[in-house]
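Dropping the structures in below, format is structure tokens.
After this come two complexes, each holding subunit A, first together with subunit B and then together with subunit C.
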Partner chain A sequence: MMASLVEEAAQIHAQGLESNLQGGGIDEELELYQPFQKDQITLPEEVQCMAVKTLLHMCKIPFSLRLRANAENMSPSGGVPFIKVGPQIVSEFDPIVEYLDLKGISLSRELSGSQRSEMKAYMALTVNRLYSAEVYLSWCCETIANKVTKPRYGAPYPWPLNKLLPWYKQREAKKYLKVQGWLEKSQDEVYEELKMACKALSDKLDDQYYFFLDRPSELDALVFGHLYSLLTFQLIDDKMADIVNSFPTLTRFVERIQENYFIAPEMDDV
Partner chain B sequence: MEVASGHNMSGHHHHHKHRREETTFDGSNYVKVEHIKVQGLDKTKNDFVVHQCKDLLKAATFKDVILSCQEVKQKLEQANIFKTVSVLIDTSKGPGVSKDGLDVIFKVKEGRRYSASAHTAIGNNEGSLVLGGKVGNVFGRAERLSLEYSRGSRQSTGYNLTFSKPVFNELSKRLTVQGFKSSGEYLLSSFREIGRGAYVDYTFPGPLGLQSLRWEGVWRELSCLTRASSFPVREQCGHSLKSSLKHIFARDTRDEPVCPSRGYLVKLSQEFAGYTGGDVKFVKGEGELQLNQYLFWDIVFSCSLQGGLMKAMDGNQARINDRFFLGGPTDVRGFNFRGIGPQDSGNFLGAESYWAAGVHLYSPLPFNPGKGRWGDLFRMHAFANAGNLCNVNLDNPNFPDQLRKLQENVRWSYGAGMLLRIGRVARFELNYCIPKAAQPTDSIVSGVQFGVGVSFL
Partner chain C sequence: MNPGMNPVMNPGMDPGMYPWDESWDESWDEPGLNPGMNPVMNPGIASALYPIFRANEKVFKDSDEEVIKYLKEKNFNADAGLTDQERADVLAYAALMEERLQPALLYLWWVDAKNHVEFSRPWYARAFHFPFNYFLPGRIHRAAEERLESTRGGNHILPEELRSKVFKDAKDCLDLLSEKLNEQQFFFGDSPSSLDALVFSYLAPILRVPFPNNELKDHVKQSENLWMYCSRILQRYFPATSEDAAEQKRNETMRDTPNSLDDDPHKVRNIVLSVAVALCALVGYGLMSGLVQLEVVGHEGEEDDSEDGMAE
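Take a look at the complex of A and B:
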């Protein structure tokens, strides 16, 4: 496993250097830290990392991707991914958006006040619902948790940590869901929630290219992160992908963003 | 409990000799221990006590018996299970006993088996409060079971459950099993470490000194103390599992450990991590030497030398929580605790090799007030100490060149101060330090430095 991780790291490092040559709005090199993609990262983490990467691509900020097995522990907030610019470290999607805004880089600058608050509402409500559904399915759906999430989460560690740490993480996930009021839901109810969130997004998007105006906003980056991961992340069944696939507006949206912001070889890798 | 010796030929032989010399009594008259009685046993098992008394049956003269009784008494006391031990020697009585027969009676009183305690303990550079409960003589063979919780002055906490027992009833050989959790904060390195683990330790006397063999398994969790922790420290955060085999050799001829006046200490340890599991792989060796020489007027000259070298065996640099650190008020004085060596943005990172040396001249307080009483708790000393901590590349074929790095940028300081001993293991030191050589990034203490510790350079 180590060999493949090292290989992956080297490959992505090389790509990072390439994309760096394009130049960008931040003077210093921006590094993005996340867990290993092939055999470690879990679905909710993958979603967050994909969203931030999309955001950076949309802002045309070059970055180098750094894969670390302990990325979660390195992050000051305990969440992945995090970015490092010089001595500064910022973790997770919202703070990264704020940080970029402070540096004068913002996707939603041209939105009107009401549009911006609408965007915030979608980010908070709809996208949060997607996130809770992902956490639920990853950690509380027994078959997925035992066959996919736990083995992946424990992959970098030796026995018995590879059993203990996923178990702790699962407890944490359940605590989060309990606070959100999701723990009592049944699996079918969660799939229903997922469907409703997709429907809300599909209705909002309608036949537009992006959610607001003719340009991408933070919402587009975040939604793409979720939908792309739901469509491609290898779980034991395709139920989640099938739900997203039942909304052609959304699949077309994913294809569009993918074509516009990701170069083909990078997509193969992620 | 009674132990009866078998009648043997030598017993009769002694009998004849004794008759010839019965006029004088200098303790060399031949006797034979017929019975050993131990009175007052309740929980303690017979075989354990028999083992401690065995040698007494070999005593051939009255002097031997007395000395041997003393030894047995000491052993029984050392087992730490009896409140009192007294000895009574009597001539044998009853039918069929020989004229020179002796009966030895040990009267013991078993101590309380359960005890609770609250006390303060001193660690290196830290004091802590320890709460604990103990069960002595658990299965009747001087086993000990204890549970301790400690809370230190520097945010460290820990608890442990320890069971130890003599091996083959031999008090000098001890097997110890411990499960523990500990946490500590390292301010100058800006990280916090939580360790959960267990060890099995077998300590026994070897021909040259005390030997310990130990297996240790620890799950370590490292996290940054602040958001501003430097990136090389941040990169070390996360979980690791260390499984290591360790051998420790110690020969200690000092008259006492805190303020010795004569004798020497040699301590060597080797640790092999990662060969029995876990994801931390290194080989580590450390050595310590301390010599003490009494000069005159209670003035003692002492010098010590310490060193360590390690190599990570998995191709990376050793983890920060496995590396060596140097500096501190009971270490290389004139520097802050762990404040020497490689660092990044003010966070000390430790290194894979170090050495440190110190010379001291200890004396009693001027005019020796309170001699034999409180005055003995105090000492004055003048010292000079030096050391270096750096990374050497052991893969480099030019080995001597690498070790030469340890001779470059040597830190040293000198000073004088006063020390106060606490109990039999720890001491406070109040020193005035003058650092003479340091690197610009070192964290130095010029002037008064206060320290407390259990091991000293």
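Take a look at the complex of A and C:
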């Protein structure tokens, strides 16, 4: 009796594993939570959300977008966006990639070892340089911080909070930059870093359709998220967009991905 | 600029090129390094900025990029033979290591309790001059903790979680590097580039610094190509000259004796000091409470009496 029960349990377990290995995918509805796009989200958050959305589109996973003013506080790691599948909540780009990989959905499965190594390296470059530059420009460049980032970040809150919370967030951002050694950089140096990172990406992409092979990888999603937001996010000046625009390879890449994965009406919804 | 400098021995190959430069300053015999050049020992510079690079009149601090730029201007460019794509790779892998490997090294140096208490703190304290040895190691320790905390998921993370996260990242990164290096001599074929210098600067401390607790060393040893690669670079660019060998021998022989000698005077001094302090406290207490005074007077009287008695 006991033995048969154990056997049965083992069988069920094995079946479960199998279906996972076969890439059972995600059965339940996937919800993506993020702050309001139009008047709340800040540039670094927008970048992250865009990257995750692109990733999901590339994996062909349907998802429904949930806009919440307090998405940041709902997220387990304090970063947006996060996805909710049934009872599971996963936040931010890298953990989401890992989560999908566990579910048998991966964009980089067919890459060779050295290609995957390169992909990870370029992803680190994107995060380390582009993201830091975005945080720096949004929070440490006084005019942008005061005129764009802070009002947007404080938008959903009433009076004392809409001054306090952005101030608190700015302190956090400065701390992040300080430990990365970016706080002492001047604005021009940051633009220079941005330019160098873009040049590296553009050199790597060259005239290929995607970064690796003939199919999209996580790197494509991440890079698109960054570049698209840099190109379209309304800041005071267009300096960042100009830098990206000076690399035609990259702008063509952004246009291509946009056409392939973001159909026009959907963009309007977002 | 030293005119004899070999361009192949490129800027990056300078051991001062990596963020852990201060680690090389003394105590174990890294060929090609002069402990006397230790910036820490220079009392004027206690700002903990390394490396310090002096060429003619110019002095650079804490900025390997600036130094490389300067050397490029002088036509010492290690990356001259690379294609644009390879140069992009250099930047990408530099970012990868900064993102993944550097936190683990910080952890090994300053956050791991055993390493910190038994190794890095006393070691640094020895290297700094008197007032600095008390607060500079602590300051570096706090900076490292702060950095790990804010790049690895905020302050709600548990210490054990942080540890496993940091080392998982680092091991992933080492695997990626090993994958990229493959069977090649250097990262881009047969000649070194600035990426090789950078990678070596991360790997060398893992392999050579005698940490009491070192999770990463075994991992590097396991990936044979990285291990071979390190010994190759050591052999080629930090060769032990006969002078070095002689010095090493001298150091080795000195190490057994002077080390114990070195510690001994401290011990004696400490004992003397503590005895002196204890005595002072005792006598002070006696005087304050009036005990000693009474005794002394009484004693003197007795002595006088007895002496008198003897005399009589």
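Brief remarks on what is shown
Just so we're on the same page, the second predicted complex is superposed on the first by the 240 of 270 C-alpha atoms of A that agree within 3 Å, B and C clash if a C-alpha of one lies under 4 Å from a C-alpha of the other, contacts with A are read in each partner's own complex, and residues count from 1 in each chain.
Here is the rule we go by: a contact is a pair of C-beta atoms (placed from the backbone, for glycine too) under 8 Å apart; a residue touches a chain by one contact, two chains touch by 3 or more.
Small disclaimer: the values here were computed from a predicted structure and weren't measured.
Partners subunit B and subunit C fit side by side in the overlay (superposition on subunit A).
In the superposition on chain A, A:S117 makes contact with subunit C only, not with subunit B.
When the two complexes are overlaid on their common chain A, residue A:A133 makes contact with neither subunit B nor subunit C.
Within the superposed three-chain model, A:Y157 lies in touch with subunit B and out of touch with subunit C [touch as defined at top].
By the touch criterion stated above, A:I243 is placed in contact with neither subunit B nor subunit C.
When subunit A is checked against subunit B and against subunit C, the one touching more of its residues turns out to be C.
In the superposition on chain A, contact of A:A69 is made with subunit B only, not with subunit C. When the two structures are aligned on the shared chain, A:L201 is found in touch with subunit C, with no touch to subunit B. Once both complexes are placed on a shared chain A, the shortest Cα to Cα gap between subunit B and subunit C comes to 10 Å. Common to the subunit B and subunit C contact sets on subunit A is no residue at all. Taken in their complex, subunit B has these residues touching subunit A: 219, 222-224, 227, 231, 234-235, 237-239, 241, 277-279, 345.
By the touch criterion given at the top, residues 68-70, 72-74, 76, 84, 87, 89, 157-161, 164-165 of subunit A touch subunit B in their complex.
Contacts from subunit A toward subunit C in the complex involve residues 77-78, 113-114, 116-118, 120-122, 124-125, 127-129, 175-176, 179-180, 196-197, 199-201, 203-204, 206. Looking at the complex, you find that subunit C touches subunit A at residues 84-85, 87-89, 91-93, 95-96, 98-100, 143, 146-147, 150-151, 153-154, 172, 176-177, 179-180, 182.
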